[in-house]
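Input: one structure, supplied below.
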Amino acid sequence: MRKMGVVIINFKAYKEGFGKRALELAKIAENVASRCDEYVGIAVSFLDLPVIAREVSIDVYAQHVDAVGFGSHTGRINADMIAEYGAKGSLVNHSERRLKLADIEFNVSRLRELGLTSVVCTNNVPTTAAAAALNPDFVAVEPPELIGSGIPVSKAEPEVVENSVKAAKEVNKSVRVLCGAGITTHEDYVKALELGAEGVLLASGVVKAEDQKRALEELVGLL
Amino acid sequence: MRKMGVVIINFKAYKEGFGKRALELAKIAENVASRCDEYVGIAVSFLDLPVIAREVSIDVYAQHVDAVGFGSHTGRINADMIAEYGAKGSLVNHSERRLKLADIEFNVSRLRELGLTSVVCTNNVPTTAAAAALNPDFVAVEPPELIGSGIPVSKAEPEVVENSVKAAKEVNKSVRVLCGAGITTHEDYVKALELGAEGVLLASGVVKAEDQKRALEELVGLL
Amino acid sequence: MRKMGVVIINFKAYKEGFGKRALELAKIAENVASRCDEYVGIAVSFLDLPVIAREVSIDVYAQHVDAVGFGSHTGRINADMIAEYGAKGSLVNHSERRLKLADIEFNVSRLRELGLTSVVCTNNVPTTAAAAALNPDFVAVEPPELIGSGIPVSKAEPEVVENSVKAAKEVNKSVRVLCGAGITTHEDYVKALELGAEGVLLASGVVKAEDQKRALEELVGLL
Amino acid sequence: MRKMGVVIINFKAYKEGFGKRALELAKIAENVASRCDEYVGIAVSFLDLPVIAREVSIDVYAQHVDAVGFGSHTGRINADMIAEYGAKGSLVNHSERRLKLADIEFNVSRLRELGLTSVVCTNNVPTTAAAAALNPDFVAVEPPELIGSGIPVSKAEPEVVENSVKAAKEVNKSVRVLCGAGITTHEDYVKALELGAEGVLLASGVVKAEDQKRALEELVGLL
């Protein structure tokens, strides 16, 4: 029997994942989550987060936090702020929002202190090992060339997933590895779990799908 | 008789200007605005913006927008997004959130297309002239060394204000110049208007004041 | 009779424009310059600059300077440093090395104080006007989508060149406008001058040419 | 008997470590190196590197490399370029030139492929462990608050040095840990070695010393 896995959906700045449509998609995710065995979380924009975190029962993540505390930081959103609005945690260092090493560490530490979950994104095996050394909850490895490609990392570069899991665990037994980039189908997802990942981080496969609900149902194996 | 001026309060990432306290301060600003002749606007964090824009009648600005459209831009908030949540406009290029020239231009153009107000922050006379050439609604000149100092630019470097106004108008007659940095008292504010500015952008003078309401009342001349 | 124009060749980080090949190409440029009526300058890497500035009689530019003075700035090269090694000036804000507005201003001012020439790169008409307000020697407008395309801006978007010249001159009569992106042939170059530009900034058209000498000779009208 | 250690002197963008004075200081370092048992290397500016690497027999490092290959990268210097000019290796991610995690990894890998030495700078224990996972030659831990302070990390925060060594070795046995920030005297240096570091990375203690030669002699124990 297949083990239960983690599915985190990144709404990015997609039109289909913003504003009213973000709330609709969040409700869809909540509904699908209630009917499957997987853990389903969503990562939404700062503007959408306050409402969505109040309106749905599934975990809501920020897509980014800035590596600052409170203070003279015009335009910045830090870990403490998303905590106050009910976020479960945050993506950190997504390939579209890369951070300096010192800032990744700052965020991971602060999120942990606040009891929030950190999902550090990385681009290959060595950076996955490095991120694991910072003791985040999750590392999500995503080869940049496959992001948004529809070509699943679990098929195109299975060794990246396997070696990332191995490298991360060698550095830090408690870290959990997700994989991302190109994940669209249930087959991709199952393959990711077989390769040792504990789940997937995905975006366009669900958010840009013509039928978002059906896409998510298919992904988690409900169809 | 003194002309009516513009007062924009930047809540930054101050603890005293975030979450519940942001909403309280927004209500204070709304109340003071209703009792004075000045235009009072506030610039709040992305997380606070949706609620505050709904709850108060004064104009609410974002503190920053990212120079992107909708799409694969994890963790980004663009001009279109703040429009959808009722923002009046946005600060652009604040000294704590400096942008590349091409990105300032992108934001100013997009904000204008959306009917939103742009307030481009600059650090000296030449950058004020340059910003004016981009045709924003406002340029707010703030010598960085005076920000948060309590030493008002209108007193410490009056020639920066005067020359900024002059330089901006030479490039673009329709642009309006604000000044910032160290503005705390009504005297500072009046001086700014006398020097040709059409108002002030300020932060700590109100947000970090022991009595925020009294500080704002004093600033706009109600005490 | 066609007026004399300015040709600046950006060697970028091309293999064909680095190290020994940079020196060779610099000698070619010097040779061609001596046989034509155009001003020919070259912009080379920091590592190549000291030797090349000593070895050739044409003007040698840096491709970038950091907006700092001397001090605790590990890994940075400022305007003073390139002056000491004989540079004529520097490109500033190239599309592959975009700078914050405040840093462009810092560089332009410092280069001017040192008697060096600044060539500020921009991406469209409004940013050209903004750059002109900073009073650099040159503004080089290069629509990013055409850089390296082989499609000359002077043909694909002639109005960008014309309007940039007009907008720049309105803000600052003394600034000189170059155009770039896709410039390869003498025809492109002549067209640029006809549109009001005082010359071109180009890179791949010469540096990546199979026969660099012939490409440059063709560009300046020697063939 | 005290073990032999590593001393790398970062010339930064100090006036006292640039141009002719850089060459003079390089000669001093070469001279002192020849009379002591320590390994002495120097990290110089890009402009100075070509001459100095040719003129002295000690190892010369770059202070930074950009995470790119050859190509359309105006203003960038990559690992391949410094190799061609005789550099021994490069500092990476210095606190004054922080890099994104993916770029640190890119640089470390490329430097290794080229047979060059990488010295990755970090700011605390977790980032030291993370950097060690990337398999650089050295990690140099420097608490930012002590850099340039004259307060040696080996005295002010000895546990940072000890724990960094421990954390790095747990992740990667072959990595060598240096410490930096505030190192000035032989006592500081010896203390660093006692705490498990294999040497020091320092800058102002030598470069800004009134008598650079004497300062370096004192540091390595020749006085």
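Should a chain be cited, it is by its letter among A, B, C and D, assigned in written order, with residues numbered from 1 in that chain.
One rule holds in what follows: a contact is a pair of C-beta atoms (placed from the backbone, for glycine too) under 8 Å apart; a residue touches a chain by one contact, two chains touch by 3 or more.
Since we're looking at a predicted model, the values are computed, not measured.
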{"item": "Steps in the shortest chain-to-chain touch route ending at chain C and beginning at chain B", "value": "1"}
{"item": "Chain located farthest away, centre of chain D as origin (C-alpha)", "value": "B"}
{"item": "Mean-CA-position distance for chain D and chain A (Å)", "value": "36"}
{"item": "Geometric centre distance via CA averages, chain C-chain A, whole Å", "value": "43"}
{"item": "Numbers and ranges of chain A residues touching at least 2 other chains", "value": "95"}
{"item": "All pairs of touching chains, each written as two labels joined by a dash", "value": "A-B, A-D, B-C, C-D"}
{"item": "Complex contact set, residues of chain A against chain B", "value": "10, 12-15, 18-19, 43, 45-47, 49-51, 62-64, 68, 70-78, 81-82, 84-85, 91, 94-97, 147-148, 203-204"}
{"item": "Touch list for chain D against partner chain A, complex", "value": "93, 95, 98-105, 108-109, 122-124, 126-127, 129-135, 167, 171"}
